[in-house]
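So, here come the structures, one by one.
Same chain, two partners: chain A is paired with chain B first, then with chain C.
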Partner chain A sequence: MTFEKFMFYLFAGILILAALRVITARNPVHSALSLVLVFFSSAALWILLEAEFLAITLVLVYVGAVMVLFLFVVMMLNINVDSMREGFIKYLPIGVAVAVISAIEMGLVIVANFGPDKVPALVRHGVEYKNTESIGRVLYTDYLLSFEIAAVLLLVGIVAAIALSMRKRPNTKFQNPSEQVLVKKADRLRIVKMKTEDRQS
Partner chain B sequence: MLELVIYIVIIFLKVFAIVIPLMLGVAYLTYAERKLIGYMQVRVGPNRVGPKGWLQPIADALKLLMKEIIIPSKANKFLFIIAPMLTIAPSLAAWAVVPFSDGLVLSNIDASLLYILAMTSLGVYGIIVAGWASNSKYAFLGAMRSAAQIVAYEIAMGFALVGVLMAASSLNLHEIVTQQAGGIWHWYWMPLFPLFLVYFISGVAETNRAPFDVAEGESEIVAGFHVEYSGMAFAVFFLAEYANIILIAVLTALMFMGGWLSPFEGIPVIGDTFLGESSIVWFLAKSAFFAFVFLWFRATFPRYRYDQIMRLGWKVFIPITIIWILVLAAVIAAKISYVTLGLSTIGIVVAYMLFSKITSRVEASS
Partner chain C sequence: MNDFELPNFALALPEMFLLGMTCLVLIVDLFLNEKNRVFTYLLAQLTLLGAVVITYYQAGIVSEISFTGSFIRDEMGDILKIFIYIITAVVFLYSRDYLRDRQQFKGEFYALGLFGVLGMMIMVSAHSFLTIYLGLELLSLSLYTMVALNRDSEASAEAAMKYFVLGAIASGMLLYGMSMIYGATGSLDIAEIGSYINENGISEDGKINIVLSFGLVFIVVGLAFKLGAVPFHMWVPDIYEGAQTPVTLYLGAAPKLAAFAMIMRILVEGMQPLVADWQMMLTALAVLSLAVGNIIAIAQTNMKRMLAYSTISHVGFLLLGIIAGNEDGYSASMFYVLIYALTSIGAFGMIILLSRSGFEADKLEDFKGLNERSRWYAFMMLLIMFSMAGVPPTVGFFAKLWVIKAVLDVDMAWLAISAVLFSVIGAYYYIRIIKLMYFDKAVDKAPIKAAVDMQFVISTNGLLMLVLGLFPGALVAVCQSVIN
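Let's look at the complex of A and B:
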């Protein structure tokens, strides 16, 4: 077994164990942290495939941003785990059906399209190969339209999320910093000339 | 097999060659902080342990090593113990791609800038997990504050880095530095002046340092996410925070101040002497300067209020960076040199400062 193969099985094993922990952990915070480990291990697998740009972006976007917000929500909600487990037996048949169907579908795709004789062998590049550059080149030439459409979709998503969650409460207090900066001494301070009081004897 | 073992041993030696000086740097940064802030406040600072107090950080480390690590009885033990590791691991891992001098780098990967951004964005996990696992209200509040702040400022930081990679047209830190060659006026702090400021200030906010240290907020929430930690577990958080400070200082030096390049490069007389040579000394001097600025900030500015921090991050820094990226794109498309852009930027800033000085003087006299 070569070193690379060893690394592959190591990370793949961690990935599968962590993925199992995501659905079996009792504590939702543990589940979320296991999902982080899943993303991390898959990033490591991508690095083994020389897709360093995608791997680092996976860590940056999913681990660095998305999962942080997930954890935030999970920690703040204080979910009652026992009440969520109540319907386990009731929903089990539907769950098993969905799992079996998706397993068959995935099996069909994998058996039909993957295998040593169906996929060309992985091209190993030299030290000079730049993964980032080649991805950029492909994205901005061959797939420009779909890339731009994806970008616009994301923008629409951001605008929609903000529009949905923005509500103006009538009694919120806020400051206007530009007004505060423009305040002069005369606006706030009045110097009054007074006669000195007589000493009370 | 033997080759592989030798290879791994050499990598480990290189890692030690980075981590040990870094840890020493962290130790003496804490000493420098106490001493400098002491002098800024007309005190002497620590001066008892060893000659002039030089052994103070060693004594502190020993003290923390000897102390008991107390795990709160209602804490989530596994996460409580793993949280300090989650904090220190990314802040050390980021150093793998930092070039210290021409060719002096552990791993010269192609997307090193992106790698550093990814690693620094992982530091927040340690903080959230520590705050949650402690099962303490103060720790949780501190963790929430600090996580929200880190997530907010990371965006501004990322956009500032987009400007840098556009200017250098590379994601590789070594390449970014070599693109700045040719003298101090070629360094990116001039053409990317707003991004330089945004990056450094966001870096201060990212590391939860004063004036953005509401996450610690001694007067409100005791010490934030690490209230429940003692002994070495606390020390690990401390190490990670200072390692991050040094990392931000180093990155600012690399991306905006020309890394190991000499500032006298290209100047007729001085540039030909030994001062004109680029070396690790310049890199260390620039990094030390930015680390000093971190300490200087702490002694100078009062703490920001929380809503002001959020406003600065979202409503000031992010728009500034987006506008400057557009300006930079226009400059690149029009094939104007960065030196021209830099000189005009600095010119505008100086003119604005003079203008506001004059107008305030006119108003004061009227």
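Let's look at the complex of A and C:
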């Protein structure tokens, strides 16, 4: 076994174990942290495939941004896990049976057709090869349309999130900066003339 | 690197126009107060009108592929797109007063509706699996949000949640199937997939490459989910009932056209050589949809739920034409889906017409004695229901006839017989509504009020069922010429 193969099995094993932890952990925070490990291990697998740009993006975007937000939400919402687990045991046997049967069926098809001897060996590039550059080149040429549609998809996501969560409350207190800036001395300050008092002696 | 060819952007002019205008609608809406919100609506209608004009003038004779094989402009796409614009425009018109009466008249409804139209256009014009998937997601994301837009209603929130979860599963299935096909053929381009399957898909002794049929199963499951064919129909009634009527109207009509285009692109253009495989799967889906849709609809007391089951049975009919597996069948299917979309906006339009502020006419008994209240609208509803049931001389009869004839032509008599049988069962619940309208006493005697344009369009919609039924020639010719 070469060192590379060893690394692959190591990370793949960690990935599967962590993925199992995501769905079996009792505490949602632990689930979210296991998911971080899943992303991290798959990033490592991508590095083994020489896709370092994708791997770094996965860590930066998913681990760095998405999962942190996710953890934040999990901690804020105080989800009642026990109520979500109701019926877990009841449905477990049938769920496991369906999963095992379909995994075996899918495995038979996939192993028979995409085994190591069926797929051409990985092309290894030299040090000077930059996959960031090659992704960039096809992204803005061959996949221009898909790239643009994905951008629209994100815009719809923003519109949807705002439309669903923004509520105008009639009694909200807010500041109006332009009024604040334009305020005159006369608006705030009243000068009152009054007689000076005699000093009490 | 130098072999990159600049795409022919002009082919995607309708899409670009629609996207630009939708962004304009979004921005303009920000500066409008409640009183002037009607401008958002007018701008949305103007956008759809402009898109009709551009697509119409762009319609050429030859089909062209651009954006490195991921986009196609052809006549089938043009016709479907024009119908999508028109149907969406009618949906916007029907829903305007309804939303205003319920303080739901928001710019987001129109912006998201237009984004959905863009998604449908992309699905119609897609020429690679990637574009199909992205278009589908664009449409679905808009639909999920529109269902949830009525935030104070628990039913809407529940419907949106169900729709989102099941839609995500369906997308996952579809994507998994696509990845398998990509693994087997090494391409996402539909034309390349088609030619690969043609050459290498089936071995000398007639065996189909197992990875291809494996991927095909997942793709068909994904498509069936999106169409709402049995046994992947569970979401349809709940979402039709839970969503606000204008949203139900929107998601029940135009997306079916896009789904038809998706089937044509993936199964017919991409995997025609595997026809024996997908024919069998679609046959099971079609027969089950016809049976479940028509039989369960009888037990419904809620109009929207009943129409949801009726949709399921119509999906069965739509699939019948595709099962025929020849050009005549595809044209029949296309005709059917166009007519179905027109009929269903009519039926939901009537629910909106009878509803008023604080009252939702979505129960069957709300249609009782409609004839006493308004002879004209009762007659319109009669035409729409006859068309759905397939009673001559309405157009629904002709659409069903053509599909059944296409199936008979390929010697699938038992399929045709079961389709007719289930249609007869289905006719019961459509005609029950006509009985309620004409022979029962009205419970609710409130006058029916509607804006002039709404009255005009809903009358046109109803009369169209009769006119197209008497003179289907033009639309039939269009459907035949674009498929060939």
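Operating definition for what follows: the second predicted complex is superposed on the first by the 159 of 201 C-alpha atoms of A that agree within 3 Å, B and C clash if a C-alpha of one lies under 4 Å from a C-alpha of the other, contacts with A are read in each partner's own complex, and residues count from 1 in each chain.
Just so we're on the same page, contacts are C-beta pairs under 8 Å (C-beta built on N, C-alpha and C of every residue); 3 or more make two chains touch, one makes a residue touch a chain.
Keep in mind that what you see is a predicted model, and the values were worked out from it rather than measured.
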item	value
Chain C versus chain B on the shared chain A, clash or fit after superposition	fit
Chain A as apex of chain B and chain C, Cα-centre angle in degrees (nearest 10)	140
Contacts of A:Thr57 with chain B and chain C, given as first, second, both or neither	first
Contacts of A:Gly107 with chain B and chain C, given as first, second, both or neither	neither
Contacts of A:Ala160 with chain B and chain C, given as first, second, both or neither	second
Contacts of A:Val36 with chain B and chain C, given as first, second, both or neither	first
Partner chain in contact with A:Gly95 - chain B first, chain C second, else both or neither	neither
Where chain B and chain C come nearest after superposition, their Cα distance in Å	16
Chain B and chain C contact sites that coincide on chain A, given as residue numbers	none
Footprint of chain A on chain B - complex, ascending	4, 76, 79, 109-111, 114-115, 117-118, 121-122, 124-125, 128-129, 132, 140, 144, 147, 151, 154, 171, 311, 363
Chain A to chain C touching residues, read off their complex	106, 109-110, 112-114, 137, 141-146, 149-150, 152-153, 155-157, 159-160, 163-164, 167
Touch list for chain A against partner chain B, complex	3, 27, 29-30, 33, 36, 52-53, 56-57, 59-60, 63-65, 68-69, 71-72, 75-76, 130-133, 177, 184
Residues of chain C defined as touching chain A within the complex	1, 4, 7, 12, 19, 23, 26, 67-68, 70-71, 106, 108, 111-112, 115, 118, 122, 128, 130-131, 134-135, 137-138, 141-142, 144-145, 148-149, 151, 183-184, 210-211, 214
